[in-house]
C-alpha cells in the first residue's frame, strides 16, 4: 500500500482524533476540566507508552483475549446454528422463541446470583457472561438471515434435490453469511464490553479488573491508559474481523 | 408420466388475488418433448413450478407416474427463468455445475469434475470453470444454469425459457445439445418458450396456453421427422405451416 | 452524437484478466436507431455500459456530442439486461416507473402519476400499478423496466436485450411502441439484441461484433423504408436478404 | 449567599441512618437546610459526582477517600459517618464453614478468603487481621465476591472463608453450618472511624456556614439514632430506605453512630494503607480533615 | 389472521418449554436440591409479583425505567441510523469519524461513567446518554452494513437515472438497509433494557435497577426475582411489539413469507 493510500484510509480519522485530543488537552491544561478526573491526553499517552515498553501490557490483554475467544466463539457457533434452525423450521422457532425472548432482556448483573450458584465466581462465570451477551445478536441475525433467503436460490437447491445437509452447507450458510457475520461483528463488540465487565465483577485479572482497580483508587491517568489499551485492542479485533468478513463474503464486494 | 388435472393457481387473497392459472389439464408422455407457449404473464412459469413440486396449486393436482407431486420429485430438475438469480454467487462456475451432482452418492469428486468439464464444453464454456457467475455475461450465466440442470442427470427436465439470453449461433448449438441429451438419455422434457420457431424445431407436441387465467387453448402435434436438422427441418413445408399456425394463434389472427 | 474511439475493456488483472472488448470504433448518428448484434459473451453489454458512463474503458474513449463520457450523461438512459434485478422490490410498479422521473424537478406528482399510467398502458400493463415486481411474470417485469426507461424521457436510449423475455405478440407490440417513441421524440437508440429478425425490423444500421475480444466486424446499412409495418416490412425481399446475411455471418457461414 | 439546598450522595446501608434521621426529624430544616439524598452503588459514582458538582456532600469510606486525596482530588472530611464497634460482635466479620476449622489467619494460609472488592476497607483490615493472627498475606488468595453471594460461595467451597457485613453476617451464621471466625476491625482497630461525609475544598471555601450547619444537624441525627436504636421508629427508618424487612432490622448488630472523627484513628488507617500498598507515600490525617472534628 | 392461526398451531410449545423450566425451578427448591438465600421458591416469587400488582408497586418501579429506556433507545437509534448511513455514504464522514467510532466501540459503560458524570451530572441526562451510547453501536454497525449491501445493479440504476444522492438515500439505500437496521434495532432493544438497569444500579433512587440492587442487599431474593421476571416479560412484550411494527414496515418482503 502506498503512503498516499494509507493516508487516504487512516490519515483523516487520526487527524480528527488528534484535533479532539488537542482541544481536550487545552481544556485540562487551562483548568477548565479537572485533571484528577480527566487527565490530559499527553500524560495518558505517556503512561500507555510506559505500559507498552515495560511489557506490563500483555498479561491483562492476554487474559481478556482468551476469555473473549472462548466466550465469543462458542456464542457464535451456538447462535448461528440455533438461529438458522429457528429461521427455517417453524417448530424449532415456536419452541425456543419464547424462552429466548424472555432471557434476552434480563440484565446480566441480575443473572449473577443464579449463575453464581451454578458456576461460582471464577472463569466459568466470566465465560457465561460473555457467552450470554454475545449469543443473542448472532442468534437474531441468523434468524433474520434465514428468513430473508432468496427463494429462487432455495428452490434451485430443492429442485436439484441435493439433500438437507448439502443445502445447508452450500446454499443456506453462504447466503446467510453476510448477515450472520454482521451479527457476529456486533456481538464481538458487545463481547469485548462484557468480557471487561465480567472481569470487573470477578476481579480475576484482565483489562477489566485492571481498569476497575484503578478507578476505585482514583488513579485516572493510569486508568485511561488502560482504557486506551482496551480501545486499541477492541479496535484491532473488530478490524481483524472485518478483514476476515470481507474475505468470507468476497462475492459481495467483487460483484460490485 | 406427468399428468396435470384441472390445475389452477390463485396468488394472494381477498381483493388482491390474481387467478394466474385457470384450469389446465395436460398429459406429458414418457420420453416426449413437450413445449408450452403462451402470452407473457399467462402462467407458464407457474404451471412449470407446480409440476416441479415447488408450489402447490390452489386446486387440481399434478401426478408423476401416478403419484401426486407435493415436493420436488426425484429425477426431476427445473431450470429457472431467472437464471441469473438461481446461480450461487459464492461458488465458481464449476462448483455451481457440480452442485447438482452432489446429491448423488457414489460419484467421486475427480469423476464429477471431469464430467462437469464436459458439460461446460457442451454449452460452450470450456475453461470457464474457475470464473464466478458475476464475471460472466448474461448469456453465459444462462448456459451455466443449463449445464447445471443437465449435470444433475434428470429423467424429467423442466426448462423455463432457457435460451432467452443467447445469440442465434449459441442457441442453435444448444438446441441440438438438448435434443441430443434428450434422445440419448430418454428424457422427458417440458419446455416453456415464447419463441415459436424454437418450439416447432424442438418438440413432439406443443401446448398453447390462452391468456390469464390460462387454459390449454390447443395442443398441436408436431409431425416433423426426427432427427431434426437446423437447416433441413426448417426447410420442410410442415415447419412453416406449423410455425405460421402457432404464430397466428398467438398474435390473435386466424391463420 | 455518440462516438466510440478504439474502445477496449479488460476485466480483472494479472493471470485472471479477460480482454472483453478488443477495439471498438463506432459512430452513432443523432436520431438514428442503431443495433448491435454479436455472439454471447462478446462484450455487447460491456460496450453499452461504457457508452452509458457506468464503466470506464481500459483504453479509448466515448464522447457524446464531442464531450468525453465519464459519468452517466444527462439525457441518456440505460436499460439493464438483468431487468429482474434492476427493479426495486420494495416499490410497487408505479413507484418503480415514476422513479426515473423523480430526478426532474418541477414535475408535480399528479401529473407524474398520470403519465406513469400512460406508459404502463403502452407496455400492456394497465392497472398493474399497485402490484409489486415479484408479483409479476418475467416478461411483465421486463416491460416494467422498459416503461421506467421511457418515462425518464431520455434523448438517448440504450437497450440491452429488452425483449428477451416476452412472447411474440407482446414483442411485436413493444417493437412498434419503441419505434413510435423513437420517431415522435427524435431519440437516438442503441439496441443490443441477439434476435436478428428484431435487429433488421427496427434499425437504421446494424453493427456486428466479432467474438471476444470483440471488434466491429461489419456495419450493415438497413435500406428498408420507414414507417415499418409488422407484416409489410417483413414481406420485403430486402428484409429476408439482410436477415439471411446477418444470420449467415453470425452462424459463421458464408451467405 | 450560601447554598441551602443540598444534595448528598449516600450508600443505602444502615450506616447512613443519622442522615436519614436528621432529615426525617427535621434537624436539617431547623438549620435552614433542604437535603436531598441520592443513593449510589459505591464510591465510583459518589466522589466523581462530588467533584463534578452533582453532589454537595458524599458519604465515603476512609480508604477510598484517602486514595482520592492521594490522587490530588481536593476533598475533605467534614463530618463523621459511621464507626465500627469496640467489642464483638461487630458489624463486619469473617465467617467460614463450621467444620472447616478456621480460627485464625494462620489457618487461612494456602486458602482463599472472599472480600467484596479488592483494595478497600474490608480488604485492608482482613489482610492486617491475617498478619496479626499469624497468617501470611502472600499465602492467602483474596477473591472478589459480592456480599449477597458470599454464603453460597462458602457453602459450595468455592472459597474457604469470607468477610462480610451486616445484615449478611448475622443471617449467614444463623443456621449453624456457617460460623463466625473473627471480627477483624475489632482485632485490628476497635472503634475505627470507617466512613465519613466529605465535600470539596471549593465548596467548603464558598459555604463554610452551610458546612457547619450540616455538621450540627447530622450530629443531632446521630444522637437520635443512638437514643432510639432499640425503638420501632428506628427499625422503620432503616426499613424505609434499605428496603429490609423490619424483622431483619431488629436482629441487626449495630454500632453506635459517631459524633466525632478521631485524627488518631484516621492516622492509623492511613498508616495501614501505606503498609499494605494502598498509598505510595505517607499521608497525614490532617490533610484529610476539615477543621477539628473531635467536638 | 394468519399470525393468529400460527399462534394457535405451534406457539404453545414455546410456552410449554418455559412452564416446564418453571416447574423444575419450583421443584429444585421444594425438594431441596438447591439451598441458598439467593434461590427462592418460584411460588414465593409469583406471590410477590401478584402482591406488587395489587399494591401498584410495579408501576412506580417500572414507570421511570421505561421512560428512561425509551428516551435513550430513541436517541441511540436515531443517531445510529443517521451516522451509520452517513458514514457508509460519505467518504468524508467515514474518513473523519470511522476511526473514532471504532475506538469508542469496545469501551465498557463503567469506564465512561466517571467522565460523563463531570459533563452530565448523575441524573436522567447521564442515564439516557449511557443507554443511547450502548444502543448506538449495534444500530450504527447494522445501518452501515445495510447500505453496503445495496445491490450493485441497483447502484447502476441510480447512476444511469442520475438520481440525486438524497433521493437515492431514502428510496433505495434506506429500504435495502432496513432489514439490517431492524436487526440491529432488535438487538439494541434488549440492550437498552439491560443498560437502563445497569445505569440505575449505579446511581439514583428509582427504577428497576435500583430496586433489584436494594432487594439484593436487603436480602429479599424473592422480590428481586419478581422484578427480574417482570423485566424479562417486559422485554418480551417490547420485542413482540417491535416485530409487529417491523413486519408492517417490511411489507415488500412478504413475498418471502408466502413462499414458505
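Should a chain be cited, it is by its letter among A, B, C, D and E, assigned in written order, with residues numbered from 1 in that chain.
The rule is simple: a contact is a pair of C-beta atoms (placed from the backbone, for glycine too) under 8 Å apart; a residue touches a chain by one contact, two chains touch by 3 or more.
Model, not experiment: these values are computed from the prediction.
**Q** Could you run down the chains that neighbour chain A and chain D together?
**A** Of all the chains present, those in contact with both chain A and chain D are E.
**Q** Please identify which chain has its centre, taken as the mean of its CA atoms, farthest from the centre of chain C.
**A** Most remote chain from chain C, centroid-wise, comes out as D.
**Q** Busiest chain-chain interface by contact pairs, anyone?
**A** Highest contact count among chain pairs: A-E.
**Q** State, to the nearest whole Å, the distance from the C-alpha centre of chain A to the C-alpha centre of chain B.
**A** Result: the chain centres lie 49 Å from each other.
**Q** With chain centres taken as the means of their Cα atoms, state the distance from chain B to chain D in Å.
**A** 83
**Q** Could you work out how far the Cα centre of chain B sits from that of chain C, in whole Å?
**A** 27
**Q** Suppose each chain is reduced to the average of its Cα coordinates; what separation in Å results between chain A and chain E?
**A** 17
**Q** Would you pick out the residues of chain B that each touch at least 2 other chains?
**A** Each of 82, 85 in chain B touches at least two other chains.
**Q** Give the residues of chain D touching no fewer than two other chains, as numbers and ranges.
**A** Counting only residues that touch two or more other chains, chain D contributes 44, 48, 51-52, 146, 148-149, 152.
**Q** Which chain E residues sit where two or more other chains touch them?
**A** Those would be 36, 38, 110, 114, 118, 201, 216, 253, 255.
**Q** Which positions of chain A touch chain E when the two form their complex?
**A** 8, 10-14, 16-17, 20, 33-34, 37-38, 90-91, 93-99, 101-110, 113-114, 116-117, 136-137, 140-141, 144, 147-149, 151, 154, 178-179, 182-183, 185-186, 189-190, 192-194, 196-197, 200, 208, 211-212, 215, 220, 223, 227, 230-235, 237-239, 252, 255-256
**Q** Would you pull the chain B residues touching chain C in the complex into a rising list?
**A** Answer in residue numbers: 11-12, 18, 37-45, 81-82, 84-85, 124, 135-140, 143, 161, 164-172, 194-196, 247, 250-252.
**Q** Hey, which residues of chain C end up touching chain E in the complex?
**A** Against chain E, chain C makes touches at 49, 52-54, 71-72, 74, 76-78, 80, 82, 85-86, 88-91, 99-100, 102-103, 132, 134-135, 152.
**Q** Note which residues of chain A are touching chain B in the complex, please.
**A** Its residues touching chain B are 150, 152-153, 155-163, 166, 170-171, 174-175, 177, 249-252, 254-255.
**Q** So in the complex, which bits of chain E are touching chain D?
**A** 35-38, 110, 113-114, 117-119, 121-123, 201-205, 210, 213-220, 223
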